[in-house]
Every structure is written in C-alpha cells, then in structure tokens.
Amino acid sequence: MPRPDLLETFANPYPGRPYEIEMECPEFTSLCPMGGIESDAEELKALEGGAPDFATMYINYVPGDVCVELKSLKLYLWSFRNDGIFYERAVNRILDDLSAAVKPVWMEVVGDFNIRGGIKSVIRARVGARTPAEK
Amino acid sequence: MPRPDLLETFANPYPGRPYEIEMECPEFTSLCPMGGIESDAEELKALEGGAPDFATMYINYVPGDVCVELKSLKLYLWSFRNDGIFYERAVNRILDDLSAAVKPVWMEVVGDFNIRGGIKSVIRARVGARTPAEK
Amino acid sequence: MPRPDLLETFANPYPGRPYEIEMECPEFTSLCPMGGIESDAEELKALEGGAPDFATMYINYVPGDVCVELKSLKLYLWSFRNDGIFYERAVNRILDDLSAAVKPVWMEVVGDFNIRGGIKSVIRARVGARTPAEK
Amino acid sequence: MPRPDLLETFANPYPGRPYEIEMECPEFTSLCPMGGIESDAEELKALEGGAPDFATMYINYVPGDVCVELKSLKLYLWSFRNDGIFYERAVNRILDDLSAAVKPVWMEVVGDFNIRGGIKSVIRARVGARTPAEK
Amino acid sequence: MPRPDLLETFANPYPGRPYEIEMECPEFTSLCPMGGIESDAEELKALEGGAPDFATMYINYVPGDVCVELKSLKLYLWSFRNDGIFYERAVNRILDDLSAAVKPVWMEVVGDFNIRGGIKSVIRARVGARTPAEK
Amino acid sequence: MPRPDLLETFANPYPGRPYEIEMECPEFTSLCPMGGIESDAEELKALEGGAPDFATMYINYVPGDVCVELKSLKLYLWSFRNDGIFYERAVNRILDDLSAAVKPVWMEVVGDFNIRGGIKSVIRARVGARTPAEK
Amino acid sequence: MPRPDLLETFANPYPGRPYEIEMECPEFTSLCPMGGIESDAEELKALEGGAPDFATMYINYVPGDVCVELKSLKLYLWSFRNDGIFYERAVNRILDDLSAAVKPVWMEVVGDFNIRGGIKSVIRARVGARTPAEK
Amino acid sequence: MPRPDLLETFANPYPGRPYEIEMECPEFTSLCPMGGIESDAEELKALEGGAPDFATMYINYVPGDVCVELKSLKLYLWSFRNDGIFYERAVNRILDDLSAAVKPVWMEVVGDFNIRGGIKSVIRARVGARTPAEK
Amino acid sequence: MPRPDLLETFANPYPGRPYEIEMECPEFTSLCPMGGIESDAEELKALEGGAPDFATMYINYVPGDVCVELKSLKLYLWSFRNDGIFYERAVNRILDDLSAAVKPVWMEVVGDFNIRGGIKSVIRARVGARTPAEK
Amino acid sequence: MPRPDLLETFANPYPGRPYEIEMECPEFTSLCPMGGIESDAEELKALEGGAPDFATMYINYVPGDVCVELKSLKLYLWSFRNDGIFYERAVNRILDDLSAAVKPVWMEVVGDFNIRGGIKSVIRARVGARTPAEK
C-alpha cells in the first residue's frame, strides 16, 4: 500500500533561485488491480496477488521551501510493490503525495510503463506552472 | 474490417487535471487496398488478399471524462489485420474512431509505416487543442 | 496456410564457390494457435481467429545448385499471415520448406519474436554443416 | 533529367483536417554538374558522365486537396539518377515540382547529402506556412 | 517462494534437430535476504520485507524431448517476487528448476542484475554440453 | 574544500557578440556529507571520509567581459574531490563561484549524478537571462 | 558496364607481413536486370533502364605483391551505376575482378543491399585462405 | 594562417526563398597558442609548434545573394592547421570570415572541440536574425 | 592506500558448477603518481595530491570455494581514491588482491581508463585457466 | 617527420604475467603524399603541403620487459602531423617503431581512416604471436 508517511524533506539550500531537480527511478513495480491485459483468471489463482507491472518513474520539480529526501523517496516508491493500482492512478497518486509533501513551485511525474499486450504506455501529469524565466 | 464497436472506456480517475496518455503500438498491420507499391497483380493472385503493410501507431491524448481501456484498444487495432486501407485513411480513421469513443481534450495519432519502394512514410493527425498551460 | 509451392529458385551463378546469402525479413506475422500467452478466450471470440504474433526471420545459407528467388520468398512468408502456429514449429517449418526447395550446403533460420508476457523469444535451427574454410 | 510529368496525385481523403505527411527517401542519387569536389577532369573522362552524389531526401507536407501518389514519387526521384545538378538546385527543384503538383498548405524538402571533401551538407527549403494550431 | 511446480512443458515438435531456444525476461524481481548493499536496518523496518533486486534473466537451451511452456515460465519467474534470495543462488536455482523440468541437451541461465552500490553484476551458469555441430 | 580562488579568467575576445560557451565535465567527484543513500555508518568507519558521489557537470554561459580559463576550471572542479557536499548545494555552489568569477550575461550549471538507491538525479540551476535574439 | 580495366595497383610497401586492408564503400548502386522485386513493367517504361539497387560494399584483403589504388577502385565501383546485374552476380563479379587485379593472399567481398520487398539481403564471398597466424 | 582569401562564392540559385544550408566539418584541426591545457613547455620543445586541437565545425546559414563554394570552404578550413588560436577566437573568426564573404541573412558557427583536461567544450556564435516564418 | 584487508568472502552456494560472475564498477578513481600526462608541476602545487584518474573496472571470475562479498568489494575499490598508482599497477594489484582473497578457478580484471592526452587506455590481466567446458 | 626517438619506455611492473594494453588514439593526422584521392594539383598550390588525412590509431600489445610511456607516445604520434605518408606505410611504420622500442610479446596497430572518395579504409598489422593461454 502506498506509504506517503514515509516521505521526508529537508530545507531547500537555495530557496530564492528557481532551479530544477529531476529524478529517474527505473525500478518501479506494482500489481495490476484486475490481473492485467496479459493475464487471465486461471493463472492468477496460482499465485498470491495480481500480475506485476513495471515502469520507470520520472519525477521533476522546482523546489519551494523544501526538497524531498532521496532515501525516503526510494522507500515510498518501494511501498507500491504489492499494491494493485492502474497506470493513470499510480502516476497521479505519486504526483499528489509528493506535491503535498514538498509543495513545489512546479512538479511533473511521468510513468513510462513496460509493454503489455504489444502496447507501451506513458502517462504525464503535472501541477503548478513553470516560471516565465525558464527555458 | 475496423471494429470501433470493440473500444471500451473507463472513467478518468483524475478528470480535473489535464494530464497526457501516450501509447506506442508497434504491431499494427493491415493490407494495401491495391496490392501496394511493391506488388504487381500476378503475385497477389497467388494469395488471398492484398500486400501487407506494417506500422507503429502512436496514440497520444489528454483525456476528458473517460480513458480508453487498453485491452479493448489492442483488439480494435487487431481488427485492421485483414482490411485493405490506405495509410492516410488508416491514421485518420483511427483518430476518428478513438476520439468519438473517448471525446478527448486533445488527441494525436501518428502512423509510422515501414519502408515501401525505398520510401518510409509517417502520417500525423490530431483533433482538439492542447491547453495553454502545457509545455 | 504455409504455401511452400510458392517458392521459386534460380540457378546459382557461382556454384563452385561456397559463398553465403543472408536475408533479414522483419515483417513476419502469424497467429497463435491457442490465443497466446497474452490473450484469454473472451477477447478472441470478438475477432475471427487467434492473437497475432510478430517476428523478424533471419534466413542464412550457402547455396548449392540453386538460390531462392526473392519475390517468391516474400510471398511464401506472407502465407503464414492467417495461420495458427507455434514459434518452434514456424521456425523449423520454414527451415524444412526452404531447405527442401534449395538443397543448400548449409542453412540457418532464426526467428526473433516480439515480447509476449514480458518475455522475448528467439528460436535458431539449422541443417547441413559449414565448410571447413568458413570463418 | 528530372521528370515532374511522372508525378501523380489522388484526392486527399480528409481535406478538412490539417494533418501532416512525412516521407524519407534514402536512395536519392544524381551526378555533380562539374565533376564534384572530390573528382578531377582526368578520372571523369574514364566514365560516361560526372561524379555521383548521394542523399536522403525528406519530404514533409500538409496536404491541400490532393496527396502525392507514392509510386509516382519514387519514379520522379529516380529520374534525377543521371542528371548533373547542384545540391541547392536539386532540393529547391524538388520543392518546386512537388508543390506545383500537390499545391500543399505547407511543404518542406530537406536534402541530407553524403560527405564530400570531409564535409557533410544539408539543405532545407519550404513553401507555405504551418497553420497556427500546429505544434 | 519459488514455485517450480508451476512449470509446464510440451512435446518438442522437432526432437531430432538440436535447435536453440533463447528467452529474455527483463522483468525479474526478488528481495535481498539481508536488506542488500544499499539498505540499512532502519529503512527496512519501515516496510514489510527486504530491499528489492531487479534483473533481466536470459534462459537459453537446446531442447530434448520437451520445451518449457511460455506462460508457465512467466508464472514461475513471478513467484520469486517476494522471496529473499542472493544473486548467485537465484540464477543457479532457476537453472536447477528448469533443467529438472525440461531435461535439456544444454541449458544456460544468465542473470543481469541492476546497479547496486555503483556495481553491476552478471551471473552465468549452465548444464550439459553444446553438441559438436553447434556454432 | 572548494577552491574558488583557483579560478582564472581571460578577456573575452569578442565581447560585443552574445555567443555561447558549453563545457561538459564528466569527471566530477565529491563525498556525501552523511555517508549517502547507499552506505551505513559501519562501512564508513572503515575508510577516512564519506561515500563518494560521481557526476557529469555541464557548465554553459554567455560571456560578458571575461571567459573562464579552462585549466583553472579543471583545478577548481578537482577541489571538490574530498569535500562532503549535497547534490543541490554542489550545483548551486559551482554556479555561485563561477558567476562571481566571470560575471556572465547568462550561466547554467547542470549536475547529472550517478545512480544511488536505484535513482538517478539531475540538478539544473541558472542565473541571468538569455538575450532576446538567442534561439 | 563494369570496367575492371580501370583498376590500378601499387607495390605493397610491406610485402613480408600478412597485414589486412578493409574498405567500406557505402555508395554502390546498380540497376536490377529485370526491374526488381518492387517494380512492374509499366513503371519501367516511364524511365530509361531498370529499377535501381543500392548497397554498401565491404572489400577486405591481405595483400600479396600489390595493393589496389583507392581512386581507381572508386572509379571501378562507379562503373556499375547503369549496369543491370543480380546481387549474387555483382558481389562475385567484384571479387573476381579485384582478386584478378591484386592477386591477394586472401580476399572477401560483402554486399549489404538495401531493403527490397521488406527483405534485406547480404551476400558474402571470398577467395584464398587466411594465414594460420591471423586472429 | 587562416586564409579567408581562399573563400569563393557562387550566385544563390533561389535568392527569393529563405532556405537553409547546414555543413558539418569533422576534420578541423589547429594548434593551441600556449601549448594547451594538457601540455607543458618541455614536451613542446621536442616538436616544431604547439599542441594540436581537434574540432567538428558546424556552419549553418540562410544565404543572401551568394552561397559559399564547398571546395574553397574545405581549403579555408585546412588553412588553420598550423595556426595557434584559442577556441573562442577560432569560432568567431570563422564566423567573421564567412559572413564577410557570403553576407548571409543569418549564419551560425558551432565549434565542438575534443576533450582536453577531461573537459569537452562547445562554442556557438551567430550573426543576423532568423526570418519570422522559420521554424 | 589500497585496503585488501577490507575484502570479505562468503561460501560459494554452488561449488561443484563452474559458473561465472561478472562485475562492472564504473566509479573507480585514483591519483596519478607523477601528476599525469595532462598536468604540470605548477598546477599540482595548488592542490593536495596528484591529478585524478578515472576508470571502469570489470572483474570477472569463476568462483572456487568462496565468492567476494559485494559491499566489501565496493569499500576495497573506494580505498584507491587518494592513492597515487599507475594504470598497469592498479589493474594487476586488484587482480592480485582479489585472487588472493577468493582463490578463483579463473579471474580477469579489466581497467578501462578515461581519455588522457587524447588517448584512451584499457589494461587486461588474468590468472588461472578457463575450464574446457566453458564457451 | 616521424620521430621514433621521442618514444620512451618504463619497466613492466608485472613482467611474468602476459597481460594486454590497448590504446585508442582518435587524433592522428598526417598529410597525403600526392594530394590524395579528393584533391587536385591546383588546390594544393594554394596551401603549403598536401591534403590532410585523419585516423583513429588503435595500438594493442602484450608487454615484454618494458611498457611505452603514454606522454612520449602522444608526442610521437603528433610528429606525423606534417608528414606526407600513405595509409599502409603509416600503420606499418608505427608498428615498426613501437615494436622496436618496446619489444613486445605481441603487438597490433590498426589505423581506421576517415572517408575519402566515399570509401572508408582500415589497415591492420601485427607482429609476434598471442600466447596460447590468451582468449
């Protein structure tokens, strides 16, 4: 089950400057809530839980007063491991949990999911607005 | 024959946020309606139907009230397998069928077709407008 | 249904020299005989036939008295399009049909199949022996 | 000699939607009108004609009432094979011939020429304007 | 817990020919039995179980009388998901389980594990001998 | 300890033209102030100092009256080798030191740090504004 | 028409040492003798000659008493430009002409031809034997 | 010594259309005026001249009334071979010489220099403004 | 100073099977004992110690009775950080220390060092012999 | 003029072990003795000397009693800069000079020259024999 309570933050060391932090997390895995596009009911009875999903999560933000602590982010992402969740919900949930924790000027979460049923999916969501001076 | 009736949708879990969904479908195949640039009449008599075309279809959209269900999209794309259809028509047809089913804020379909006659073709079509806040 | 009767040959223009011919055919497609690892019974009822498989076929040989004619090879490979066949059988069948048609000194068929169930499969089969002078 | 008379068109199946067609033609070859940067007079006397040039031609457009027919485009590009023509003229000539034939909303021709004298050249020319809603 | 009982086989369709089957499984994940090189005791208390490991498993073999059924292999590999196991043991265990199930002429299992502590590890193990006629 | 006193400059040879200088420095290394995401207290006692971090630093700027001298920049970056410093602070510190030394029209520092805890981080900071005529 | 009379040689500067010379010629073009797999009779009437083929020719050899002069090789390869010739014949013909001209210890010619009919072909031929000391 | 007098031009064949010419010149070499970041005084005494620098020069422009002749450009770039010159000066000097010769609507010169002291440098300079209709 | 005393081992879980372990360590850094090819005496006085070297170390072995423990290997490699050592000595020293600790059937150490003076160096050393059954 | 007198050596630190040293030198440049395949007499009169050649030199060896000192190798390779020399002679000359200086167990020199006349050339020469235990 997602554990946003694990997220920790530290004070932004350069709060007056709108710089960007980008994190690439290639080891995200969760379970599909209904077995998934590639699984049928029979095969799931053989195992405890649903079919696994795999994704690379890209988390980009302009920090406000605090930054997310890296080790706590790792633990938070691990907490999806045995959770059944849809792609669209996972990406938006991470965005909600992280933006609640760090209150960024701007934040984007991109989930790049592995091929399922011969189709590769990417979900992109964001909150806030990039400041005018940004490229 | 294209089967838009196979397309199913589910309620968008984050309807108030203009996030993006991108799907890459590398296993699209259909038949050329007239045998194709690389085939002549003789060789087609030897087989039932026209010369095959192959493409990767990229389907990108900002969902409105609903999202397309992934397994139903896979079945819909399979339904072109033995259909004779021109490149331009296939891409625009998929855009019409999908945008009718999900009524997106914005949708783009890109068909990247394999080399024929030493020429590689890409067709890009879209409906709706990206919202101002998007990158 | 595979159509080995479509295969045509022409006389090897340099029969005394053990040279090699390598062909890469990235547009092989067939159907899975039982719906396939990623499909269940319900979704197949929606369409006529099984779930499609996709592969690149590599066909390499040292010709004997004849070479395979390229256009006839293309038509032969197209004839698997609506045939339900397992990976292992498809590769060995192509090797059988082609080696019967061209009686090569040596021939290898490699089928490199697209990801199914998160697993990518390659099947390699061959007949005859490379001559001692080969690299 | 360039043969614009070979170009054929067909009615645009979706005339009301400003979609894009991109074609990549990696097998363009012509002759250099003066022997070229890498050739001297002596060596050209040994052969009939000038030194060959090679390029990939990229042809991108938003169709108006008609689209260019792919097989006729292939034949038109072949017609430069034994023609002596400068890079700048070849790219602009193709743009002139094609835009006269299809009267596009917007068209771009890019010639990406092979290394000559240790220098690689790319020429980009276009007519018309992209519509405001385009990316 | 690894579930070799999930593995199923089917009769080799070409038993007399020593052909090869290669499978690439990029979605293998298990847990580290002691928290792993990158984790300390505190952070693991926050979650149920150890730190996750990720690998691509390559399984290559020359079949004897039977082949492994692909869907059952997928389920078998999923069964390591919440199992605490060392790299060296995981690779050798998979080799033991699979070679017991299919009794191959030759089999190789290669585990290509993600970076831990700035170090990437690959483990290769095999049983049986390639036949003399093989490449 | 960072040594901004090592930075030297030379007069910009084309001060009236707003051109850009981009430098890629793939050999940046420092120490983590608290042992880092992948290290625990025990292992650090075995060595003098913290766990090492590695990054590629990208330094891009539009020079004003002076340019940074390349050899002095190399020595300045070496001076972080045995310094314990957080990612966010390192990138912003380099930006502060360099912009103080060369007073650029515009400057950007990007730190692309190696994977730690399965997560790759990039930090981007900048001062000044690109002039209107820039791309 | 192929012009082996254009080939010139120069004395091998290190005749006692069995070293290797490898040449990659990406600009080989000829015509297909019968219009080719992708052309029909109609379209060829529109132009003077057959459908063009394109290949990269790799020419590798251990020189004996002489080496081939590079500019003369370029002219020789140009002489195939308007010649109708099959793939297998072109590669073996070049091997015959070049080995007659330079009498190498060992020579290999590899023709890597562009995709035709969705199939890519490579032809490899050689004369002589590599000396025992070679890798 | 740079030889701008070697530059020759020819009349732009399409003067009314603002098309672009891009040239990539990977074989630029000059000498460092002071021995360079990687050399000391001793080692330079052993040779006549300074330490060599290597770069790829990218020259892009929208021609006005004339275009630069390719062979003369090659000779002009060769003339830097034994000249001692700083990176910033070389790029701006080439921009000055070329823009004086061809009076372009817009011109950009980019020098991408090889690694020195573990640092890779790129210098970008330009004159004129891209016309509004450009991409 | 290299600290072989930090190396720890654990019992090989499959001692009867000659399997291989390959480790890629891209974060090796040490100091050059004499300032290095790219540094002169002046610049080194400005810092404490010599010029840094960077390498990726590849460590491959067939274990005997024990395997090297991964975290202890990481610490051992860190211990070269402030040690002045030549390339050839570093690679052979690591091979000596590791083979003394794990007494492998076969072991290879490859040091792939970053460009210095425009030259990239790789050093490969090994002890023991691969067993006959290995590839 | 090549300056083998600049080559210096140092005692092999591990003389009893047949390890390998590989060096990649991408900045080799010399002049063509006769202007080269791409130049004619006129253009060379405009400059002092012949047309430049560029290559990457790969130098691999198993050291005997001594190793080549890296900085002296760099100076030796620089000494070809203004020397007119054929490809085949340059590679064999470097092999002669280096093997005379270091008396290796085995040495290989590979010259990978830039495209000239649309043709890329690689020359490989070696002396000595790899020891039986080598891969």
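In order of appearance the chains are A, B, C, D, E, F, G, H, I and J, and numbering begins at 1 in each one.
The definition used in the following text is that contacts are C-beta pairs under 8 Å (C-beta built on N, C-alpha and C of every residue); 3 or more make two chains touch, one makes a residue touch a chain.
Given the structure is predicted, the values throughout are model-derived calculations rather than measurements.
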Partner chains that chain C and chain I have in common: E
Result of counting contacting C-beta pairs for E-F and C-G, higher pair: C-G
Computed distance of Cα centres, chain G from chain B, in Å: 42
Distance between chain centroids, defined by C-alpha means - chain G, chain J (Å): 28
Centre-of-Cα separation between chain I and chain D, whole angstrom: 55
For chain F, residues contacting two or more additional chains: 26-27, 37, 54, 71, 114, 116-118
Pairwise touch network: line, ring, star, complete, or other: other
Every chain pair meeting the contact rule: A-B, A-C, A-E, A-F, B-C, B-D, B-G, C-E, C-G, D-G, D-H, D-J, E-F, E-I, F-H, F-I, G-J, H-I, H-J, I-J
In the complex, chain C residues that touch chain B: 3, 6, 26-27, 29, 43, 46-47, 51-52, 54, 71, 75, 78-79, 81-82, 114
Residues of chain H that touch chain I when the two form their complex: 37-38, 40-41, 54, 114-118
Chain H residues within the chain D interface of the complex: 12-14, 17, 19-27, 63, 67, 70-71, 73-74, 133
Chain H residues within the chain F interface of the complex: 37, 86, 88-89, 91-92, 116-127, 129
